[in-house]
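This report refers to the structure that appears directly beneath it.
Chain lettering (A, B, C, D, E and F) follows the sequence in which the chains are written, and residue indices restart at 1 in each chain.
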Amino acid sequence: MRILLLNPNTTEAITGRLVAAAAAVASPGTEIVPLTAPRGVPYIASRAEAQIGGAVALEMLAEHHHKVDAAIIAAFGDPGLMGARELFDMPVVGMAEAAMLTACMLGRRFAIVTFARALGPWYRECVAMHGLEGRCAGIRMLDEGFADIAGVQEEKEAVIVELALRAVTEDEADCVILAGAPLAGLAARVADRIPVPVVDQMGAALKQAEALVALKPRKATAGTFRRPPPKPTEGLPEALAARIEGR
Amino acid sequence: MRILLLNPNTTEAITGRLVAAAAAVASPGTEIVPLTAPRGVPYIASRAEAQIGGAVALEMLAEHHHKVDAAIIAAFGDPGLMGARELFDMPVVGMAEAAMLTACMLGRRFAIVTFARALGPWYRECVAMHGLEGRCAGIRMLDEGFADIAGVQEEKEAVIVELALRAVTEDEADCVILAGAPLAGLAARVADRIPVPVVDQMGAALKQAEALVALKPRKATAGTFRRPPPKPTEGLPEALAARIEGR
Amino acid sequence: MRILLLNPNTTEAITGRLVAAAAAVASPGTEIVPLTAPRGVPYIASRAEAQIGGAVALEMLAEHHHKVDAAIIAAFGDPGLMGARELFDMPVVGMAEAAMLTACMLGRRFAIVTFARALGPWYRECVAMHGLEGRCAGIRMLDEGFADIAGVQEEKEAVIVELALRAVTEDEADCVILAGAPLAGLAARVADRIPVPVVDQMGAALKQAEALVALKPRKATAGTFRRPPPKPTEGLPEALAARIEGR
Amino acid sequence: MRILLLNPNTTEAITGRLVAAAAAVASPGTEIVPLTAPRGVPYIASRAEAQIGGAVALEMLAEHHHKVDAAIIAAFGDPGLMGARELFDMPVVGMAEAAMLTACMLGRRFAIVTFARALGPWYRECVAMHGLEGRCAGIRMLDEGFADIAGVQEEKEAVIVELALRAVTEDEADCVILAGAPLAGLAARVADRIPVPVVDQMGAALKQAEALVALKPRKATAGTFRRPPPKPTEGLPEALAARIEGR
Amino acid sequence: MRILLLNPNTTEAITGRLVAAAAAVASPGTEIVPLTAPRGVPYIASRAEAQIGGAVALEMLAEHHHKVDAAIIAAFGDPGLMGARELFDMPVVGMAEAAMLTACMLGRRFAIVTFARALGPWYRECVAMHGLEGRCAGIRMLDEGFADIAGVQEEKEAVIVELALRAVTEDEADCVILAGAPLAGLAARVADRIPVPVVDQMGAALKQAEALVALKPRKATAGTFRRPPPKPTEGLPEALAARIEGR
Amino acid sequence: MRILLLNPNTTEAITGRLVAAAAAVASPGTEIVPLTAPRGVPYIASRAEAQIGGAVALEMLAEHHHKVDAAIIAAFGDPGLMGARELFDMPVVGMAEAAMLTACMLGRRFAIVTFARALGPWYRECVAMHGLEGRCAGIRMLDEGFADIAGVQEEKEAVIVELALRAVTEDEADCVILAGAPLAGLAARVADRIPVPVVDQMGAALKQAEALVALKPRKATAGTFRRPPPKPTEGLPEALAARIEGR
């Protein structure tokens, strides 16, 4: 099966991190198709950027959806996820969604640990969007600057582990998610220093996408995720316009 | 004061409806500055379209924000609202938000009545986004096609009133919101046929925008709605790029 | 338009504060009609006092409602609000309600900051009564005695600002409400020392009352806020008895 | 032990019903001290009436609290309950509260069945005030006029049983509360026609009051139900003034 | 009346504690019938142990239910409670349930204070099972080892009081429950050192069981607590098999 | 990898159904190890039976856990799941849990459709246990007897499809779960008659178990799912006793 790994950030180096983390757990027959956002910001970190990045994700899916069996929107926060699920026929998985649902099977409450304070509000709204507030023990954010987004996981490894430990001790988290695309792959490296299961967001998303493909769910033709009826558009990129117009 | 009335739909005729409804309740010193989306869809009716329309709203605000004292995002569903509130310095009001908050002062629970089934899921998520589920008695949607979006409020007037009456009788609504930009102004025409207060979404939004301007709230420099720090962008429209890059 | 500013406390000096804060933001055509409770306690600060003060508010409205276009119950905690909304025909706004709904347009979560520990439980129940728990970041209360209720806002200005700052930093509030009638008008004086929008409860209530009058909502004749059918009474003040008896 | 049975309605005949229902389940050593409201309305049926009735209940308690070991506020809706619990030293039980808490031990979800549509909104807010929404399967109200409040339980017996049966079948209630002081004692007469446990509100309140007296809880001197510090009053009935002023 | 005091732990000394606490508040005509689990663990302290202990409780009830008017499952956490309520005809009360419902009449929010960290998660799930999260101010757990489960209440008395005081001061609890069967009876000894009402779990359960017997609720023949229809079994203890098989 | 498929019902024919549904979606390297409960009831359908069945599941896991990489508790309702997750070292997945979490990726709200009214209350409590009430559109239960539990899915196929269609149309479900072990495998046969994705509970559980094994989460040594410290036991089956005693 072919799985689109869609990075809605414009940073290629993050896509590389994501691919490596996905490949580490992929099943033999799975081919990962990576894609980096052609426009937007280096890494999404606010509601405004998520609004834009989600629209860009829809444009990217419109161009590439026919080549794959499923897609992963690989930014924690899941920009554009619900719209994508409406508009396209194959399964689409959000990286935050997959990480949180997987974490639910490993504990009563999960903690989200991330590398920048700015990400907290967006992540909190993402938890709410998925109706998982009751399963979330809290969000811990690093409160320091960093040198380079592509290397933030090495630079801040020690303090991120420290935050995870506090989430376990003080927030009573049963499980930890290291969140934010730039942290993809970090879980494997630090898991043995954290006394509860650590979920790698990208690994979880890859396995969930594989699971959905294997289960072969049909595209809804009723309910709130059926494809909307064709509608005229103006000024949208060609592939997206065609998809919305039903061409 | 100058208030931007931003219609994220591309239909000029809807903007006209909105302006008329706003003008009907505006205070003497208020100038309404209308703006119709230059790209997108004729009327937003799904999550995907709201994702795109919200991004377009940010582009429009980036071009025009310096000319006004406040802005209204005049689509029920509030596309792009939270991002706009982050990125810009003046008050930004969502039309759904304003209608619902106003309705809260007129009853324990409000009903939302709209003209197309497709709008229901998006509106429901909007209610949840504002944390007002406990105040919403339900969403009633018309389940029939219509001839023309610009004239839907006249065409369907009788059945919309019928839906509102059922919301009062069966859902125990204390108050009714006629929702969806194409219905702007309908409330005034049908209010005397409905035995509870009927909130006009656009009227409410205009008054709330005026109220916020009068109260002169400062732009946050802390909390989750402070303006994000400047960040490079790629491929975004010039005004939006400049705003995000802090130029 | 004429707006009744009903202070359910017996302290005239607080009414003066409230009127000044209201006048500061009133529109040109608005006339403020102040009224101080003729019986009760100097300032309501407990559930028992709110029970009594709310009944007194109904008595006051029964005497004066025909002279005004809208009324504000000007005690944070909104004593008697729901009963007033049932029993009388014009819009009635609660000062806490108006402050919180206004704050909802300025941030994801608001903090309530007040001058006495005793007020916390009552305010918490007020937040719940309005179904806004999900929008409230917390209630911060000063834990010290004060010399005089009429001067508490000057006496405690510095520590109240300090509490507001902690609400922003520790509770992640996007917006602050300085709560309690004795603090009316303080917001304007301290807003530039607090890095998020500060809502003045009285200012918000005045603007919301003006907005409701402008929108001309009809009195409900159905739903839970229709006027109850006439009923005999015994031993109630004449005006209230007449209103309940439908005389 | 002596238990005050405080009827905040002015109808003596209802007090008689309540006393009979209480006496039917009282323990040998329990003395019931009945008291009917000296002012107010014949039966409370709206938020405004509850606001007034709750204040009257506080006046009644201020006069009589020293003569008893516990008090029951015997109107479903619990007017004045939280204030009473603050202001007085002995246990105070609400009739709605006692019925609902007792019902929680007899099923997952209880239905509330009552004799007049007007009561629904007030009861719903009472359920919310006690935080028991998740345990309430619904409120069923009779939608017909009745001849005489004192005889409503005989007049409407058959239709009330019918409503209870529908609550079981359609709302999946495990247990039924026949609510409203005028229905006191009805449960015993109809229990064998309803296939789930039926809670008599007054019986439950009497047993809960007895239980609290037996458990001898201390009066709080901390927390939100400690007695408020003495405070001046103006124009309040003597006994209530004395209690609030700490005389 | 005869009330079965069922201890699902295997420790006889705890049963002794429970009987003493129950006897201290029992009404004259009440006979307490104690029963200690014949198999299981000395004291239940985890979800796995509660799963097993709850099944053992059902076995015990199957053998003894016909001898009593009501039963108490006397472990905080209420193992097997809902199943017991389904399967047997007389009232069954959980000790946690009774303590929490009683506490609801003594304050807005109760704190649960217990002697071992391990108990926290199980208790938290018990609060949720009863739908009382909104009434619970928090769970405070002692974080130290102890010498002997039967004497833990004397050994840790001072630190448990200390925890209770912190629950009042820091968590704003209006009322405290000393939780866990080994603490039965401790409330009476320490109540005067804690400034809010302290609920003894066993005392509360005994009074609630007495109340239910006095109210004579019928066994449901509809709803979710009717007795399930007879069904074959395999390998279950004889009395339990007979009950399930309807023999 | 080896995955234990633990059927806590005593009916071998149901185990056969489950194995077939699991095998249909298993990855090449996955070996399914089936196990049928040696004691209990033919199919669990009430809280009491789930209490017993969950304890039996722990006994079964204690005997077989060392032979497998993960286990599935294959009864919708997840009896014993949380205890199993505490007590054993490998991942344990509940069939209801897996179906619901998978469904969350296919729609906003899922419906649960099952073959017997008795199952509703237990399933509802299971949804709540997982904190997924906000994602559940409702539970639809067949209200007719059936000839044979092992053949119920063929016998009732048409009416179950009918229920699913009503869940989509009336409850606005985006996705349907056919629930109850006796329905395992039915989804594949009826999916093309239902216009939204249909989740096969067993298929979902198998894929989730595979995903967890691939992600290699560590056993918690902190948090609420760490293994409880060794403790003496009395009268428990040897393998379970050994596990609890830490032998």
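Basically, a residue touches a chain if its C-beta (ideal position, glycine included) is under 8 Å from a C-beta of that chain, and two chains touch if they have at least 3 such contacts.
Chain by chain, the UniProt names read as follows: A, B, C, D, E, F = Aspartate/glutamate racemase family protein.
This structure is a prediction, so every number in the text was calculated from the model and none was measured.
Undergrad: Among the chains, which is located farthest from chain B on the basis of C-alpha centroids?
TA: Centroid comparison gives E as the farthest chain from chain B.
Undergrad: Can you spot which of D-E, E-F or B-C is a repeat of the A-B interface, where more than half the contact pairs line up?
TA: E-F
Undergrad: Interface overlap for chain B and chain C, more than half of numbers shared or less than half: same or different?
TA: same
Undergrad: For chain A and chain F, what's the span in angstrom between their mean Cα positions?
TA: 27
Undergrad: Can you work out the whole-Å distance between the CA centroids of chain A and chain D?
TA: Between these chains, centre-to-centre, one finds 52 Å.
Undergrad: Could you check chain B for residues that touch two or more other chains and list them?
TA: Residue numbers touching two or more other chains: 82, 108, 120-121, 125, 172, 224.
Undergrad: In their complex, what parts of chain B are in touch with chain A?
TA: My answer: residues 10, 38-42, 45-52, 54-55, 58, 80, 82-84, 86-87, 118, 120-121, 125, 128-129, 224, 228-229, 231-236, 240, 244.
Undergrad: If you look only at chain D, which of its residues touch chain E in the complex?
TA: Its residues touching chain E are 25, 27-28, 82, 91, 93, 97-98, 101-102, 104-108, 130-132, 134-135, 168-169, 172-175, 191-192, 195-200, 203-204, 207-208, 210-212, 214-215, 217-226.
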